[in-house]
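Please find one structure pasted underneath; my questions will follow.
In order of appearance the chains are A, B, C and D, and numbering begins at 1 in each one.
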Amino acid sequence: MCRWLAYSGTPLLLDTILYKPAHSLIDQSLHSRLGVETTNGDGFGVGWYAQESIGTPALFTDVGPAWNNRNLRELADHVRSPLFFAHIRATTGTAVQQTNCHPFRHGRWMWMHNGAIADFHLLRRELTLLVSPELYADIEGTTDSEVMFYLALTFGLDRNPPEAVARMVGAVERVGRAHGVEFPLQMTIGVTDGERVWAFRYSSLGRSRSLFYSTRVDTLRKLHPDAAFLEEVSDDTRLVVSEPLGDLPGAWNEVPESTYGVIQDGMDELHPFVPEPV
Amino acid sequence: MCRWLAYSGTPLLLDTILYKPAHSLIDQSLHSRLGVETTNGDGFGVGWYAQESIGTPALFTDVGPAWNNRNLRELADHVRSPLFFAHIRATTGTAVQQTNCHPFRHGRWMWMHNGAIADFHLLRRELTLLVSPELYADIEGTTDSEVMFYLALTFGLDRNPPEAVARMVGAVERVGRAHGVEFPLQMTIGVTDGERVWAFRYSSLGRSRSLFYSTRVDTLRKLHPDAAFLEEVSDDTRLVVSEPLGDLPGAWNEVPESTYGVIQDGMDELHPFVPEPV
Amino acid sequence: MCRWLAYSGTPLLLDTILYKPAHSLIDQSLHSRLGVETTNGDGFGVGWYAQESIGTPALFTDVGPAWNNRNLRELADHVRSPLFFAHIRATTGTAVQQTNCHPFRHGRWMWMHNGAIADFHLLRRELTLLVSPELYADIEGTTDSEVMFYLALTFGLDRNPPEAVARMVGAVERVGRAHGVEFPLQMTIGVTDGERVWAFRYSSLGRSRSLFYSTRVDTLRKLHPDAAFLEEVSDDTRLVVSEPLGDLPGAWNEVPESTYGVIQDGMDELHPFVPEPV
Amino acid sequence: MCRWLAYSGTPLLLDTILYKPAHSLIDQSLHSRLGVETTNGDGFGVGWYAQESIGTPALFTDVGPAWNNRNLRELADHVRSPLFFAHIRATTGTAVQQTNCHPFRHGRWMWMHNGAIADFHLLRRELTLLVSPELYADIEGTTDSEVMFYLALTFGLDRNPPEAVARMVGAVERVGRAHGVEFPLQMTIGVTDGERVWAFRYSSLGRSRSLFYSTRVDTLRKLHPDAAFLEEVSDDTRLVVSEPLGDLPGAWNEVPESTYGVIQDGMDELHPFVPEPV
């Protein structure tokens, strides 16, 4: 389907994370190893918070592949950020257009998704009707991913992200099953308000798309005292990725099934994720 | 807003109508004379029925301006059709993307629109809910124009186009006024099933965007016995346009306010258009 | 690098050849089996001669991948042609832009290429200077492939294609070796004037990119009396492809190293290809 | 032809200059007042130096119009720079593609142009041959503007910009006249190395495209003590523009015919510009 990454920590040039690693996200756009599709060339997006306070993150999206995009190459070489999301898309059928590119944004929030709502064509109307009428008209694209975002916003994302996502999943599963869809949802989700990052891994079938988080930098430094890169980033620097970048042994840990993690203030936690009936 | 044209008659290279006239649609994309905006550069589309029977019309749309599009230039030089629509867009706010480009298509039907639903952001949810659930998930874009098309399809476009459009307008005006929008609709619409063409001119305020139809070719030949072009096309050849092409005196007639016309079998008729309460 | 196909024979909807076969060119854009790259997503092009006489072929090119292009899908469903070229690109470094998409056209001629001039950056100026001054300013893009086309035009492509291509190769090899490039050229080339098709397979190293031509249709019918598709096309229908489409046993024959073929009047011939010193 | 602006001074969000003024460059893309064309919708570019030291400027270019570009809107809201160029293009015939968008870049240098070489198709080969062979293969696009840049680089732009530009003009005029072109050049040019900005206004006919520079900020403050904007920028802040932004009386001064200006260290100077025979 898609691949994504979330970075939080020492402000870095985007290039350091997007292009430089051996199996970078840009490389994954051509040669994904763990994805359903090897090619993720149906548009991409990067969203970053500036170092200075601006409030909302900046978005850069395009409908072509990431691997040959000149502007992405330029931005990666010139933009530095302490918190950014990047996403490469392999469409499951909806149109290839900027409004369908992740990350999606609402105010200071960003959201990105890998996976799919099964039979979305069948469920789209009913799910969209559950979106708050105040939010409805802000939906710009036609993906399941954006509807999931707007459902989470409807269910209180800005108050309690894990609960809002649990209710969103509950709603999708209820509506799906009411229409005879046995396993309505597949998802890994990254979401942030610019300060904390939440990452979710879940699927109705219990066989979710892959998701990994990076090992604590202080631990990695002990494992790899010669890795110069690790000297440049702070202890609280973290990555969450669809599939590992690079080949540093010990650097990556799988997020377990039906689990979500939170990254904040140099700490991180994993919690079980359980859908909440709506 | 936008500019459009509908052609029906002797099969012609698209070039003959799209590029060759003195004030062609391509020229109008840069220098519209009668439009709200002089520039119509936010995407375009052409839909044509092939000479041989294929059933559905072909669509070619792009998000850039028509005036510099290499592929449109190529198609115009190589595609011949007896019935085609062309549309150049000036967005009133919705995204510039292929799924928002006119003409829209459903089965053998094509639809294009100039104008706007006032405060569409406010009315979008309620109007979209009036679309038949069977049709809802086929909506690909985010324009008011496409919602109008799906409402007309819901209200029986394939059985009785004038009535379906009258009911669509009735619905838009009822929903608009319920939300305090005094003049909810501005429209000229072209619609076809590949055999007949209907053209509508209407606005809630009674001051609609311009719309013109061409004079009968046999009449024009008497006026302009030296116009070689008129020898090449059959008597039943007709154009409907947002603003006149070329400068041939007597060639263009304004469609009156609150009126629709039908082109079929070499005949054409004008009828009053009255919204129908829904 | 790239993948291409050339079709000549019974007029067919492009769809029949571009999308329908099991391992179609569109499928090859995502999953090439024999190419240097598995993904060919850096633009594409189709060039076709209309059934009626127009003189020049029509070109449709775009900078995105072929696999998700809505307009290509539309054209394939609605355009019928007796002779067309299609090409999907994986850039070797030059910009992804329409003027670098194959096929290239000059008058009634079309040209497409898979391969590369080694160290083209180094040789570009000197090779470009060999292009006839009358033709020079018509070069629109920046690929090695287009320079090869203009060299062939300079060397008499419209009089004697095999000789012009042999001289082009001779020139590239001479200039390359003068700059210390041991194996200057890798190529398979398709070229046509709208009546005949020539296909070349050659490389300085003698290990050229793959190229196949289809078996005579009358022979295939005897092998596969149940293949309905074969009933629809004439005996003189032929395909030349970078890698086989579909899985019909006996349908494909490799063009030998240093060989060119000609398709004309239902006949085809293979000849040795030898560069000619210039 | 085109419109451009160069900004140098207090680091500002691009938005402040690109979108906010009453007659901003974005507005000029739709409604230029002084340009040859009212619409400048054939691509655009922005080049900016980051506040932190990175060496080369960042480029963002796109082939669509500036006025509806979502990414430009995002960058303008989130990128702050002390020195940036912006350019909107109306092609005089060459392809609409990113490699033809201004500003052009070489190392730390940026270059943008409004105007044209007359009969460039005729002169292209000979002018391109004057480019240094070491630089030749770096030419990525097909515009006269980029060839002018590479000629200036060939003639010592990084040592003495006014002299290099004078020699470039001398070369163009010599080659043009040798081919019977009476008035070979029309130009306003902006060029920078990231520290100083040079702006040139010249044409062979002596009737050049318009060019304006902004009045010293300290002078403007005395004229407009209530203009809050002027309090936010330093005395040495300067703009050079194809046509005035906004309507502040006294803010804009025309660059005279055959003149160039330099902006550096809060100072600026105007000098006569005289082509130098090459």
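A few points about this structure:
Note that in this section a contact is a pair of C-beta atoms (placed from the backbone, for glycine too) under 8 Å apart; a residue touches a chain by one contact, two chains touch by 3 or more.
Here the structure is a predicted model, which is why all the values come from computation and not from measurement.
Any chain that touches subunit A and also touches subunit C is listed here: B, D. In the CA-based superposition of subunit B onto subunit D, the rotation angle is 180 degrees, rounded to steps of 5.
Averaging C-alpha coordinates per chain places the centre of subunit A 41 Å away from that of subunit B.
For subunit D, residues touching at least two other chains, in rising order: 70, 95, 98.
Considering their complex, residues 48, 50, 52, 54, 56-62, 70-71, 74-75, 77-80, 98 of subunit A touch subunit D.
Across the interface of their complex, subunit D is touched by residues 95, 97-99, 121-122, 124-125, 129, 133, 136-137, 139-142 of subunit C. Within the complex, the subunit A residues that touch subunit C are 30-31, 37-39, 41-42, 63-65, 67-68, 70, 91, 95-96.
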